[in-house]
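A short worksheet on the structure shown next.
To keep things simple, chains are lettered A, B, C, D, E, F, G and H as they appear, and every chain counts its residues starting from 1.
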Amino acid sequence: MTDDKLIIAEIEFKSRLWVGTGKYKDFAETKRAIEASGTDVVTVSVRRVNIIDKSKENLLDYIDPKKYKILPNTAGCFTAKDAIRTAMLAAEAGITKLVKLEVIGDEKTLFPDNEATLEAAKVLVKEGLIVLPYVSDDPIMARKLVEIGCPAVMPLAAPIGSGLGIRNPYNLRIIMETVKVPIIVDAGVGTASDVAFAMELGCDAVLLNTAIAGAKDPIAMAEAMKYGVLGGRLAYKAGRIPKKLYATASSPIEGMIGS
Amino acid sequence: MNITLNGEKKEVPDNLTVIGLLESLNIQHPRVAVELNLEIVKKDGYATTTIQEGDSLEVVSFMAGGAAGIA
Amino acid sequence: MTDDKLIIAEIEFKSRLWVGTGKYKDFAETKRAIEASGTDVVTVSVRRVNIIDKSKENLLDYIDPKKYKILPNTAGCFTAKDAIRTAMLAAEAGITKLVKLEVIGDEKTLFPDNEATLEAAKVLVKEGLIVLPYVSDDPIMARKLVEIGCPAVMPLAAPIGSGLGIRNPYNLRIIMETVKVPIIVDAGVGTASDVAFAMELGCDAVLLNTAIAGAKDPIAMAEAMKYGVLGGRLAYKAGRIPKKLYATASSPIEGMIGS
Amino acid sequence: MTDDKLIIAEIEFKSRLWVGTGKYKDFAETKRAIEASGTDVVTVSVRRVNIIDKSKENLLDYIDPKKYKILPNTAGCFTAKDAIRTAMLAAEAGITKLVKLEVIGDEKTLFPDNEATLEAAKVLVKEGLIVLPYVSDDPIMARKLVEIGCPAVMPLAAPIGSGLGIRNPYNLRIIMETVKVPIIVDAGVGTASDVAFAMELGCDAVLLNTAIAGAKDPIAMAEAMKYGVLGGRLAYKAGRIPKKLYATASSPIEGMIGS
Amino acid sequence: MTDDKLIIAEIEFKSRLWVGTGKYKDFAETKRAIEASGTDVVTVSVRRVNIIDKSKENLLDYIDPKKYKILPNTAGCFTAKDAIRTAMLAAEAGITKLVKLEVIGDEKTLFPDNEATLEAAKVLVKEGLIVLPYVSDDPIMARKLVEIGCPAVMPLAAPIGSGLGIRNPYNLRIIMETVKVPIIVDAGVGTASDVAFAMELGCDAVLLNTAIAGAKDPIAMAEAMKYGVLGGRLAYKAGRIPKKLYATASSPIEGMIGS
Amino acid sequence: MNITLNGEKKEVPDNLTVIGLLESLNIQHPRVAVELNLEIVKKDGYATTTIQEGDSLEVVSFMAGGAAGIA
Amino acid sequence: MNITLNGEKKEVPDNLTVIGLLESLNIQHPRVAVELNLEIVKKDGYATTTIQEGDSLEVVSFMAGGAAGIA
Amino acid sequence: MNITLNGEKKEVPDNLTVIGLLESLNIQHPRVAVELNLEIVKKDGYATTTIQEGDSLEVVSFMAGGAAGIA
């Protein structure tokens, strides 16, 4: 499938599995997990430089920006204002114009604040950033974000770190019918079959972190996720057999999703 | 003079430029971003921007941090 | 995972994806699909040699028994007697003592006749064959088959060719608690996430045919299934994160909602 | 729906909710729960009369056989022989020729031994009993039981006392396509929506015990189950709207079950 | 459960099943369905009086506002402005201060425009209306609506008229953890088990229209829904048994399989 | 004079009050609401509010219409 | 003489009939069933069936016991 | 003489051995199995087993055929 490319804002992505860098034991484990995942997109947060402890290592000494597309995120921002500030600083740092925009609406569940996300996205798009917004699986919000210039949308599969997998494939289907930009499932998946299922639904990529970093063996899970995405994408392109109550049944069961 | 750097009070020499500050902290210029009193300082302004008494600066960079919401 | 070997009756299997040879356009497509799947186990039926048309090609000219483990099956048998006869002939043909035992109970749904299967298995085990029985997902029948000497059990995920995927993971779980032999999911899966899920449940392998041969692009689907099995197995070994209503929830969810 | 009668072997059943008598605090609670459930069918076990403690009350002093159809069961039998003996004694006791035949295959999961159940059913049908067999959700076994003279079949929804609900509606659907006798879901349901769903699938009745007796408030749950069965049956007869991805979608999602 | 009252803004609701008046054959059928449903809450739209055809009957000649609580809705409004105007007119008509606020975001799927709904709710609450907003199953939006003074929230179960049932019980659970006002599931349910399930989740009421009006026999389905709500609510209060892989399993299952 | 009533042009006598209009259409007052040039007319204003040439009126009431979105 | 009743050794008078046994235990006849040495004793045989030394009897009735498998 | 081969009547020369039959049909010996009147003929018996008038033979081999039930 060498011609099956994911392109967003003229940037070509080799991998449909995007990974985070949080929650690992150390940078060495982070590096090995990222390598095992086969990804070329790594999301990072934007934080104050540690002034006191200068010895502290830097993530980017392990994750070479020449080798990986760095996707700064506004994780931890609870207002549009903070998210805008963080995103602008990320852009100024000079590695990329890409930003994964997050405005968290609730500390407990980490659900996004869709309204504030839209408000921040409007500003950042005007500022020339390539804004990939993390939102709930709401087709109307997805459409508004695309209308104001987001080149992709990142709906959640389930609450961040929940590992519940694709809780509402119906909404993802409707989002894909509603907007014609790449859909990247962001957060909530737990295992390889979840990401395979996301790809089989027609999603264009999956971003995850906890499912790998939180696994007993993060390196093995990273590799598992790589295969899950490859398998799911190939299956989607291959055109699966219809579901039937049994093979000789006359009519297919069309409720493929969720069933 | 006294400034606030990444949320902490700090005493620094007078007439200090942004680049001077970064070098005194031996922070590599690339991959960081600087905010002076809530205004971003462009890289080409580091040498010409002088810090004043009471200024508030933020110097940020990329850190480990994951998918949505994971700070 | 070089040490993650599947061994049945002292035979070592490299692949956990086993495939059938039915329903392909021609032998060339069969060969390419099998190669794309990465399998080393191919199941074949036992049929009368075509006397009239001698020109007719032979499947085994395409699928080299030196390269692949041939697993004869008793597909199409509706009685214990026919299945025994077919299995004995397969063994006599001299390639292998392995047999995938099927006694079909209903032409429409192709559900197995568990009782007749058990009866045939008793005879064939005594005759020295290595009997891998296709049965419904019934833990009691699985236990009886193991008790009479079957070195593995092959419960269905869903009706043959239905593409419904793992309809009752609970029964598979109970079967795995009840017997301590390899469990090979046989029939009913439809796509890569199905096989990944089967492996994540702890099943040891998956056998399928229609899901690949019936796909719009069988070669691509064969590759998809290869990745699905690899990903699912790796995820199973890696130890997934627990499912929670949200990441900060104190206790894993107890499957009370939506499950 | 005064004309919506359930008739098995010429016996007319007013209620489609059948209940057990086990696991209650005392007979008074049993009586109140049974009354709240609105049932007219009560299943009881067959046990040795207590010789020593003559004072011990008798269940049937609370559950009047003139008011309720008594359905003796062979609960606790692990062999065809014991089940036959128990069923024959139940019949001899002179209240009814009905028997709920159970031959348990595994003490841990209480899964039925289908083979032994069939063997016992053959004998008991010949002896003139009205045999209602508890079996796994296996269409082939259901057909065999009907062929030898069972006037109804009682497949499990899920393991006894598990409260998992209808784990495999697909198999129940296939059973209903395969045999044309009443299907009574026996065991595994946990709550009102489970029994409603069973009825909506087209099942003819539901038998349960633990879900009521094990609830925090058994009397309230008994009433809940009454409404669940009434609602589910009415909905089945009323003819529900098709499932669609959204109302204006052209084609219905036909995978109503399980989806 | 005489003490199990639903109270919103000091108004006491006898029924937890609320119904719409659209899509019926005629007013007579509407009346009969509403009576069969046992509801005391009927939602109606606000439309221009027919000037030309004075003969035209009025819905409220059939649905007596003394007998039923009339819940005007802003169905068909696509902007906050229109919804506000419609709601204010409804209030001025002098029957009630209640309004079911809807701002539709997409004609095809009838998904709500959450942002616009919030904007309209702010105005209407200030105007002294009792605003019950129809929104997607977004906990953050639910919280915002409660913060600005909505005394209840009406998240969708699935797209209007889809009949898909509760697509994401997880989000409903999180909404119930996030806000402490009554949750009324609005739209998307298809049959009795769906409403029973909604009540078992802990939702306070269900509003539906298509599932009844679109059924082959609307009167029977209305009665089915009545029982579904009664059964589900009773089961929720009764405290169901935990789900286990099988009865003797030591721990409740943690929703890792099949869920 | 000419007015717009529920979106349609209509000729009505001069100096017509809202109540006069409703009665001329024999619309029962209760359970309707009236909007005059986008302003709601309170019930107690029906008698005193006079309609002018070119005014736009909306007279609405409750109709069959269902759950969310079903007009 | 000695018999086994419901699994327990028991001493009973000689020449005891089944009906005699049930009455001595004051067990109501209806709703019980009796098995003598694995053979069911029909109700109309209670009076004529005499118990012998060493016989094994089962006297059963209906007890609380639930859905599938719940003993 | 007449035999039944794979369900079809066939005329073959007298005193034909199984190996003779297979060769006359030019069927490679490996990977086939032969059943003579419902009895399997072991490979080492091909040369010594003579076919009689009216015998019924089955000659089978491996064919495409898939997972469970797919003939």
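Assume a residue touches a chain if its C-beta (ideal position, glycine included) is under 8 Å from a C-beta of that chain, and two chains touch if they have at least 3 such contacts.
Values in this document were obtained by computation on a predicted structure and should not be read as measured data.
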item	value
Subunit F and subunit B - chains in contact with each	none
Most distant chain from subunit B, judged by the mean position of its C-alpha atoms	G
Length of the line joining the C-alpha centres of subunit D and subunit F, rounded to whole Å	62
Distance between chain centroids, defined by C-alpha means - subunit C, subunit F (Å)	73
Centre-of-Cα separation between subunit F and subunit E, whole angstrom	30
Subunit A: positions in contact with at least two other chains	109-110, 112, 159-161, 164, 167, 170, 174, 210, 243, 245-246, 253, 258-259
Subunit C-touching residues of subunit A, taken from the complex the two chains share	1, 108-110, 159-164, 167, 190-194, 196-197, 200, 210-211, 214-218, 220-221, 223-228, 230-235, 237-249, 253, 259
Residue ranges of subunit A touching subunit B (in the complex, touch as defined)	19-24, 27, 30, 43-49, 51, 54, 58-60, 65, 70, 72-73, 75-76, 85-86, 88-90, 92-95, 100, 102, 104, 110, 112, 134, 154, 156, 160-161, 186-187, 207-210, 213
Touching residues (chain side subunit D, partner subunit C) in the complex	105-106, 109, 111-115, 118, 136, 138-141, 143-144, 158-159, 164, 167-168, 170-171, 174, 178, 258
Touching residues on subunit B, where the partner in the complex is subunit A	5-8, 10, 25-27, 30-35, 38, 40, 42-43, 58-71
Touch list for subunit C against partner subunit E, complex	166, 168-170, 173-174, 201, 242-243, 245-246, 252-259
